[in-house]
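There are structures below to look over.
Across the two complexes that follow, chain A remains constant while its partner is chain B and subsequently chain C.
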Partner chain A sequence: MDYILLTELAINGVFVGLMYALVAVGIVLIYKTSGLANLAQGALAMMGGYATWAVASYFGMPVWGAIPIAIVLMFLVGALIERLALRRMIGQPVIMVIMLTLGLEIMLRGLLPGIFGSAVKRLDLGIPNAPIFLGDFLINRSILIGGTISLAMICVALVFFNSKLGVMMRAVSDDQTASWSVGIRVERAIAIAWGLSSVMATVAGVLWGATQGIDWSLSLLLIKALAIAILGGLDSIPGVLIAGVIVGVAESLASGILDPLVGGGTRDIVASVIILLTLLVKPHGLFGREHIERV
Partner chain B sequence: MEISRRSLLAGAAAAALASNVKIGVASAQEKVIRFAMPQDFTRIYTFVTAEYSQGQRDYISLINGRGGINGYTIALDVSDHGNDLPRAIEAYERAKTQGAVLVDPLSTPVARALVPRVLQDKINMVTAFSGRSDAADGTVFPYIFPLSPNYWTQAALLIDFFRQKDGDLKGKKICFVHIDTPFGKEPLPIVEKLGQKFGFELQAFPYTPPGNDQSAIWPQVRRARPDWVMFWGAGVGQTVALTEAIRNGLPMDRVSSSVWLSQSDMDVVGRDQAVGVLKFDPCESGREPKVIQDILKEVLQPGKGAGPEDKVGTNYYNYGVMLASVMVEGVRMAFEKNPNGPIDGPWLNQGLVSIKDFTLDGFIPPTTVTPEDHQGGGMGRVSRWDGEKFVPETDWFTANQDVVWEEIKKYSQEFAKTGK
Partner chain C sequence: MLYRRAGIRHTRYQDERQLWPLPFDKGLVVAIAVLLVIAPFVVGPLYLSSYLLPWIIWSTAALGLNFLMGTAGQIHLGYGAVMAIGAYTAVHLVLAGVPFEIAMIAGGLMSAVIGIIFGAAALRVKGLYLAMATLAMQYIVDFVISHFPAISGGSLASIAVPPVSFLGVPVVGDIRTYFVALIICAIVTLFMLNVQRTSFGRALAAVREKDYAAEVIGVSTFKYKLLAFWTSSFIGGVVGAVLAVCYLRSISPDQFHIELSIQLVAMVIVGGLGSVLGSFFGAGLILFAPIILNNLIGAMASTFGLAISTDLRAHVPLVLYGALIIGFLLWEPLGLAKIYNNFRNYLLVWPFRHAQR
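On to the complex of A and B.
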């Protein structure tokens, strides 16, 4: 057993997991506000990546200048999704609203490559590809920076939920009718959640886009994000943080340990196994709130 | 009469659709040879199809603009099968009823699904860089034409290049990083056999499709300390593989890939980042070759180009030109063999298997197709990325064809026996 390799895989897994967790935070934001699992989060990350690339390309801007513009645009996109699609679904069963988000995911996967062309697009953040060696360990510079930025964004989300606006959104999540009755504008709170979720998705799309290029496959981040959100507990941001690290390390180590034994392909199975095991053993995840209803 | 919004919209949609429908049925007097090009423009092979098809259409425009062949023009029926088998089969059946003598689906699953039909209908199917590698055996697959080095030949040629560089591969280590699909695994038996023959150690590293996260694979490759690396994928998997190879500090001049690596991929990775990386090249790249210059002058300048001018001369565009030129050469040879037709599948088939030492003014390696060898001789070369373009590292050559043909025969005989 090559312990140096395993340690290296584990360290890189931590940062990759944090980058996945950034997508999962978007799912949690919406779930905490509206009690809805947003299955379009992968496509929103892809859209954020495309938006940044498009702003940079069409206006001849440096990528770092295009990112804030794309973030603002994507906030508006998120808020518009609430206004144009979700608000019309008020009163419909939750499962139909979840199916709506799935439809959105599938539609965006086809629409955006159709508009911008299906070839992979380059998004250069200026992060050098040269590896960092700590003794015998290699740290992937791009993943290190991506993971660190993701960690910062997740901390911002954590602070946000303790702010006045965040408390209001948590109130909406707890009881929409009661929130209405005390004067909270529930639709506005949900629209803000969708906007913020799209902002998180955009940052994730940019970080992953810089790692792999921009194309439809960015939307596949959804599966990893769902595994992390479910393991962490759908309404817990600290849960997402910890689950992200667990999933990232587990995937990375599975690839190093199991792939040579079974001939490869174990990395992507890990997320599916985590979803299944969590739902079977601890349906509310590691840190999710258990809802108790008295009858 | 009151027109509702719904009927207005429906009418507008119908009018818009009708304006886009091409009337494709030629009159009996029209001297046309039909090629069907149902390809995947929208799903899996999107990374290549647009440029490949553009090259094909521009070359056919060049030929038609010069009066066609023997007074006949080539009609290309281009459609999108989206890598969806029912749609592809429907497109094939439509092409058959319209009198197509050749079909080029540019998709491995579609080509595999169409094999029994084209063999029965005697319509020639081109499977360049796709389909079954064993279809090189024309005695078993008389109507299937790879017309280009298959994946076994590409891998065998790269291994021979490593041997040329190092003198001897005994005791060397070669890592083969591949997408975990039948396409990605395809060269493995050949590379294993060559490992036994030349005494090198082979380590395979599969990654899950589409390959957008390979961060756990490449540290393993690096720590294996390979002498050479081959990476085998397509689309996003290729750009991610190359980026990860760079990030893991692997020397680019010891890293190589199959036919699926292009300038467009380098734009994603960073043109200056991947300097030195090697690839298998089936034809000339760039705009300098005479045929590309002719296309620019006679097709692009008069505004008859099939796509954006900046894509002219890219690797995948040139593959399209390459394959269209071999098809047209097949037509030329068919007229030489049977000037009076009838123009049908068997007629073109006779022409295709009579192509001899065709090079298109040096644009492609000497290509000879026979009733036995539908691969066309299996020649290609290795090119190196210099930061701007792929520069030939070798002349046209082929290698290890004894091992490759052993494998071709093994699988084609299996097909002859079982139909699978």
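On to the complex of A and C.
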């Protein structure tokens, strides 16, 4: 195995990983405020992609103009999901709420391709196809740009958590009852978290839609995002950043090295193996808070 | 009215602990059993092999998953993978010349052994993390099955199931396969009905409600969580074998994808967590609602001249599963079994609506 190919795979992996991490940030945002993992995050990314495509094609707008509209729409969708479904589930066991998000995932995965047609939709961001040469290394341009945008978005999320609203949301994540009693509107904080994570998902959906086209398979981003969120610790944004790079590189290297040996498909399995190993070795991830329960 | 309780006086503890104390319930159970037994001689072969048989098999699978999710309170999103392990093990053993009864048990054991490895994650984590661990299991098992030609014969290949015999009777034709599935279903149903009355079932209930509280009162959480995974995976493996031999008749990796797991989870939730009756209701609704809805859409499209795209019709099942899961969780978290129970409770005290039941 030559060194240049490996480095190239690793560099591409870093950027792909950052694009995965953008989906994972949404999961972390929701986990931090309401303590449940959103299994519909991949479907939200898919929905964001479809929304952008629909706005662009039905209103004849350029893609770059459609993105802000789609982002606003998806913020409302996220807040609406919280208002209509999640709020009614307050007080139910966590398993039930996870099941609800799973139901949402299944429904969206059927509904959107059903309405817009299951053919792959092209979303052209105007990024040229020619790869970039960095010394000897060949880098896919759309992945490079996507990874950079993702990095920027994740940094924005980091900064956001230090703003006033972010502090409020951190308080909610710490103790919902206590923050409610000091005058924080818990439901609103959770609704904002859902809206923001939908926004993150939309950006991720657009970036991935530009690289692989928009169809139901965008919802498979969920499993990679879960791997990243779990490896990084479900309540840590820096963890997501680092775990995203790890998962991206691991996946890229595994598919580069193992695919010729087993005949393809390793890319999809790496995330699952990482989830399982993390849970068996260090269940709370690299940077997650440990909740200690002793008997 | 129907469910009349008047005049029932228990004088022995055994009487009080029976499964169906009300005469009407007893009659109903007997009637349903008789109907199921005479069904193959009454309904046409098309209905038998494409409605009744899958309903029986999927109900058995839902019972196995319901044991884990409802009785033990552990979430499992990879039950399709468990069934795949059982199906492939059993089919390979049958191909190697092992009798079907033993191959079926071996398939169950294999599922239980592999399931317990993934279930071991349950010992350190719970709820949310367990959902992820089992989701990962689904993908890993899928990958292993489709990428090792020794197991699946290649990702696009399918293995034909050779003719087998069950307890000395060759399993051929619609009626005999139906009875094999019915026997397995009856055994699993009896197990599920009775397990909640044993110390094992009560320990699982304690673990389900609060695991460290269970530990405090002396129930070994470690042991019972593993046992729950073991039992449930065993049932899943056996059902997988039955599914392969009685219904599919040739197995390929794509029959056990995540869609199957999602279907099963939907059946359990729609039917009612922890309810035996609910598993049958849930399996029926999830299996037949898409068919009925699709026919309905087709009929509407032809009567009213609506242009409904084939894409939309192809995605009706997914939308329906999702909508049913969401709807039941929001409005009736205990599922169809609870709806039946409400109806039964209403009739128990009818015409006195506000009486204690």
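Basically, the second predicted complex is superposed on the first by the 290 of 295 C-alpha atoms of A that agree within 3 Å, B and C clash if a C-alpha of one lies under 4 Å from a C-alpha of the other, contacts with A are read in each partner's own complex, and residues count from 1 in each chain.
Keep in mind that, in the parts below, contacts are C-beta pairs under 8 Å (C-beta built on N, C-alpha and C of every residue); 3 or more make two chains touch, one makes a residue touch a chain.
Predicted model, so just to flag it, every value in this text is computed and none were measured.
By the touch criterion defined above, A:85 reaches chain C but does not reach chain B.
Contacts of A:113 after superposition: both chain B and chain C are touched. In the superposition on chain A, contact is made by A:280 with chain C only, not with chain B. By the document's definition of touching, of the two partners only chain B reaches A:217; chain C does not.
Once the two complexes are overlaid on the shared chain, A:267 sits against chain B while remaining clear of chain C.
Looking at the shared chain after the overlay, A:141 reaches chain B, while chain C stays out of its contact range.
Contacts of A:69 after superposition on the shared chain: neither chain B nor chain C is touched.
With both structures placed on the common chain, the touch criterion links A:37 to chain C but leaves chain B unconnected.
With both structures placed on the common chain, the touch criterion links A:10 to neither chain B nor chain C.
Residues 110, 113-114, 117-118, 263, 265, 268 of chain A are contacted both by chain B in one complex and by chain C in the other. Remark: chain A residues 36-37, 39, 85, 88-89, 92, 94-96, 98-100, 102-111, 113-115, 117-118, 223, 226, 230, 234, 262-263, 265-266, 268-269, 271-273, 275-276, 279-280, 283, 293-295 touch chain C in the complex.
Every residue of chain C that touches chain A in the complex is listed here, in rising order: 73, 75, 77, 118, 120-121, 124-125, 127-129, 131-133, 135-137, 139-140, 143, 146-147, 155, 212, 215-216, 262, 265-266, 269, 309, 311-312, 314-326, 329-330, 333.
Chain A contributes residues 2, 4-5, 8-9, 12-13, 16, 110, 113-114, 117-122, 124, 129-131, 133, 138, 140-143, 208, 211-213, 215, 217-218, 220, 251-252, 255-256, 259, 263-265, 267-268 to its touches with chain B in the complex. Interface of chain B with chain A (complex): residues 42, 46-47, 50, 180, 204-208, 210, 212-213, 215-217, 219-220, 222-223, 235-236, 239-240, 243, 246-249, 264-265, 267-270, 273.
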